[in-house]
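Two complexes are shown next, each including chain A; its partner changes from chain B in the first to chain C in the second.
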Partner chain A sequence: MSFLTGFFAVFFYVATFIFIAFTGYKIVQYVRTPAPLKIPAMPAPLTQGGVVVRLIKEVVLFYSLFRSNKWIWLFGWVFHFSLFLVLLRHFRYFLDLSNPIWFWVPLIQPFGKYASFTMIIGLTGLLIRRIYVERHKYISSPSDYLHLILLLFIAFSGCMMTFVVHTDIVQLKAFIQGAITFGLTSTGWQPIPASPILFLHLTAVFLLMIVFPFSKLLHAPGVFFSPTRNQVDNAREKRHIAPWAAKLDATRQP
Partner chain B sequence: MKTKLFQWRWLLTVGLFISAPTLQADENGLYSPPHAEPEKQVSASQACVKPVPEMRREHMNLILHQRNQTMHHGVRTTDNSLQGCVNCHVTQDDAGEPIDFTNEKHFCNSCHQYAAVTIDCFQCHNSKPTEPVVKGGNQ
Partner chain C sequence: MAAPKVIAPEFREYPVIPIIKVDAMKGNGPFIAAPQYQQPLNFPSELVDNWQEKAIEKMGDLLSRYRSFQVYMDSCVKCGACTDKCHYFIGTNDPKNMPVARQDLLRSVYRRYFTLAGKYFPKLVGARDLDEDVLNEWYNYFHQCSQCRRCSVFCPYGIDTAEVSMAAREIMDSIGKGQKYCNEIIAKVFKIGNNLGLPEPALRDTLEGLEEDIEDTTGVAVRLPLDEKGVDILLVTPSADFFVEPHVDGLMGYAKVFHESGVSWTLSSYASEGANFGMFIGSYENMQKIALRIRKAALDLGVKRIVFGECGHAWRVAYSFLNTLAGPFDFLDPNYPVPQHICEFTYNLIQEGKLNFDKSKNDDMVLTFHDSCNVARATRMGDKPGGQMEIPRAVIKAVCNHYYDMPKDTIGDQTFCCGGGGGLLTDDLMPLRVKGALPRMEALKQVVDEHQVTHLAAICAICKTQFAKVLPYYGFSMDQIVSVHQLVSNAIILTGQETDDDE
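So, the complex of A and B:
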């Protein structure tokens, strides 16, 4: 047991390091990428506040996908929202719940529980789309299938643990508390519960975290940096000039 | 920069295996949040109606199964009755009064609160023992 505890703790550290460091690196890269042209997709908001509303609509409701294709929106949005609820449910393993500000964590447990079913339905719909819609099959690469299958595997194994083969979750929380504090909590290092399905679940999650910064999963931070969505429609009122172009502008000979 | 990261990872691994033996756990090697210990055993050789690791995973199914047997099929056994759980596991506070499920040291509540699992049993059922609490056990 001690070997598996050490193995999953190191796996967890490596996966988290890669996820945070490389995703952070990609975000820095996105921030630095120049957007030399004013290209908001019309109709676009006229103020900065309008852009915030537009991005929120895009991130929370997948508004442009809704307008372009209803059934893909349905499966895509259902999957993403379910994933959100499921992630909230997993907060309980990382938080000290005796702290009263986390009162909502027990309250959202049942929502996260049933979201695992809608998550599987959404992912299955998206997988069927890639397999049976000819024009989507044509542009699907192996990594597209990999993400869907990994996520389906994560959802399915998690669902199994919730509804069929229970894991000792108190022991799991003790293990995670030990791991995230490097064994410095009052309870120290605790062994991971012996549950094969938990090992598969964690392995799939860590693999997903590792591929995240090197794949199209980067659409999560990337959606905020899309120039067609995050620009204000004020080309007439205010000259759009990239910082590097401004430097050239200042030294330009008349 | 690269060599530095490499050394960190090694330090981490080594630290992990050094600190691993300092585990705090019960005789099954399992952790429980602080709670009042049961004062009886089900028999001289066995702590509970099923082995403890199995109880930790499956107690809710045993209780629900018992409920279905009793309520829906009318088979009224006491093998896995909730009151049986409570009679053994729920102990008294310093004043000698049995503690109820809102107390964070209550046997059920300590883990349920730790893992954010709501108990709805005690909205109807009694969370205090019906038999007098015996100090020292009744093995």
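So, the complex of A and C:
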């Protein structure tokens, strides 16, 4: 195994471990932290089913952001939806496409391919706003710019490999298959294709995964745990009580 | 001690992108609570010696007890969606009044002490040590938030600055830096039973005076009972309703509606206050203690139902928190929601055709309705989402001939705070209150110009007091704010009432 193959395999393991373990830790923390009071932003759904619809509207359409600011919505939504398509496109490196249940992965390839352009457009729009809109500039820390730049770098390097400097993706898939099976299958470890732009792309992606659980990227799990969005409006009908608050009940008067 | 003259900001001719003016509202914040107002709330009398350590400890405690606080500290991406949504930012242009910047005052400290990134790369992620400057900034700017939740409506993650400012105030209280206005009032509630410090004999006197007023004008003996046992309904209302204009006209309206409905009711001298300032300071324990007075009053008086008067924040605590804080209310009549809002009560009677009105009695007014922030964004009325917007309007339209809404993006769940909510209704914050009212005053100006609107109706004691005070700064007059049940009171025809027109 070459040094680079080993390096990227280890980098991949470390990044994946940090991403899963620490994001998982945060999710467990969100689940375990009680919400002692009913604080849904009203008007709110009266049923759990209604809450699911509300969250889907938020996560898929960015409904509240749409109401707030059309430009941020446009760039933000375009970026996120493009990222979603691009991620789906990358499934092909991890899956056995001869299995018919993955029939849709080849089908979305062209969409994922061109989504890299819209991803760059969305991110650039967000970056320009952050630099030139006075209010946004005021609230931005260096890390806010760096997140955008890192994502732009990922999108740009990926786009380059798709359209300009092609990488040997058959070899890449072989490398990834070897890595995700820890080299235990009959084909064993396969070398990573020697492509500098691929190395940069992967490095940026792994950095993003490592940064994820320690940064504002936690908005991805966070949106599902926001009490103003995920609570049912039924305070009068059903008594809502957190465990720590229930303990106060025992000593209260009357 | 002449206060510096407060000048209202100019109406903006077109919706413009707000320009930021750094440090426009820099200052020391409202008066700090003296020891005698801290102690009854179980807070240290003054700033404790190891306040930094204690503040961080308290922050950790709140992070573990409130999912909202924990998730909101982590989730903000600084997208900027909220930056132009706060009425205090619109009115003052101080960038620290942008919701995200206000949250960041606390978030920067959270990052420093509770996250890996902030511990090792503070500059990179905008993390700060908690020092005296930061504490002073907290005190100043977390008392420039009225916890109206408008920003949370527009946040893609529903981040609610009210939750953050409540946490900040709780942290400051816990280290001995409380706000005088809120804590003095809570101490008064514990001692006397209401925010205005009105004792039982004075209250009884006031109510008798109101009974005489109603009899003088209508010829009908309408009662305003106090501490009557075994009646159907306990009415809990903000104490301002007992003698402040236009609140008291609303109280007479409730009395007339109860009278016509035929149900028996009472006020309680023990729980003679609907408002719960424990919410403003984010203190669950104090909020619960205040809420339990209502449970005790309901038990002692043996009532079957609880109805709340016109009070925005009271209705939030009542609708959303009362069951949690002081429930279960299984000793009350299960056929009625606990608690009910007076507007729901009146609305139901109107639907059943049990009230008679002469709408022309309000013909001297052209009305609009100010959705109080806490009612609109933190509660409901009736059994459908949005009832909190529809029911008060339906009541107004049932008793008035002339009604127009203000622009869509300033009402409903996008309503602007009056500028005095969330514990800021104090004279030492007058410049802030005047500036914070700007967006509402602009919306009012628009319907005044387009539809010749003459009066603004509201269902919140704070809104009414605030508008009575700030309307003159914008070229209106203080009596242009009215209670919704004042309109009901004007139009209702009581059974047996002598009417002046022949029919």
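In this text, the second predicted complex is superposed on the first by the 246 of 254 C-alpha atoms of A that agree within 3 Å, B and C clash if a C-alpha of one lies under 4 Å from a C-alpha of the other, contacts with A are read in each partner's own complex, and residues count from 1 in each chain.
Rule of thumb we're sticking to: a contact is a pair of C-beta atoms (placed from the backbone, for glycine too) under 8 Å apart; a residue touches a chain by one contact, two chains touch by 3 or more.
Please read all numbers here as calculations on a predicted model, not as lab measurements.
Participant: Considering only touches as defined above, state whether A:L97 meets chain B (first), chain C (second), both or neither.
Facilitator: After superposing on A, A:L97 lies in contact with chain B but is clear of chain C.
Participant: Once the shared chain is lined up, is A:I169 touching chain B (first), chain C (second), both, or neither of them?
Facilitator: The first partner, chain B, only.
Participant: Check whether A:P45 is in contact with chain B, with chain C, with both or with neither, and answer first, second, both or neither.
Facilitator: Only chain C; A:P45 stays clear of chain B.
Participant: Quick one: classify A:F182 as touching chain B (first), chain C (second), both or neither.
Facilitator: A:F182 sits against chain B, while chain C stays out of touch.
Participant: Specify the partner with more touching residues on chain A, choosing between chain B and chain C.
Facilitator: C
Participant: Of the two partner chains, chain B (first) and chain C (second), which one does A:K70 touch, if any: first, second, both, or neither?
Facilitator: neither
Participant: So in the complex, which bits of chain A are touching chain C?
Facilitator: 26, 29-30, 33-39, 41-46, 58, 62, 64-65, 67-69, 72, 76, 129-130, 133-136, 138-144, 146, 214-216, 218-219, 222-223, 225-229, 233, 235-242, 244-245, 248, 252-254
Participant: Give every residue of chain B touching chain A within the complex, in rising order.
Facilitator: So the residues of chain B touching chain A come out as 9, 12-13, 15-17, 19-20, 22-25, 29-33, 53, 56-58, 60-61, 104, 111, 113-118.
Participant: What does chain C use to touch chain A in their complex?
Facilitator: 17-20, 63-68, 70-72, 74-85, 95, 98, 100-101, 104, 115-117, 121, 123-126, 149, 152-160, 163, 284-285, 288, 292, 295-296, 299, 319-321, 323-324, 327-328, 337-339, 376-380, 385-386, 388-389, 413-414
Participant: Quick one: which bits of chain A touch chain B in the complex? Just the residue numbers, please.
Facilitator: For chain A paired with chain B, touching residues are 1-2, 5-6, 9-10, 13-14, 92, 97-98, 105-106, 109, 166-171, 173-174, 182-183, 187-191, 193.
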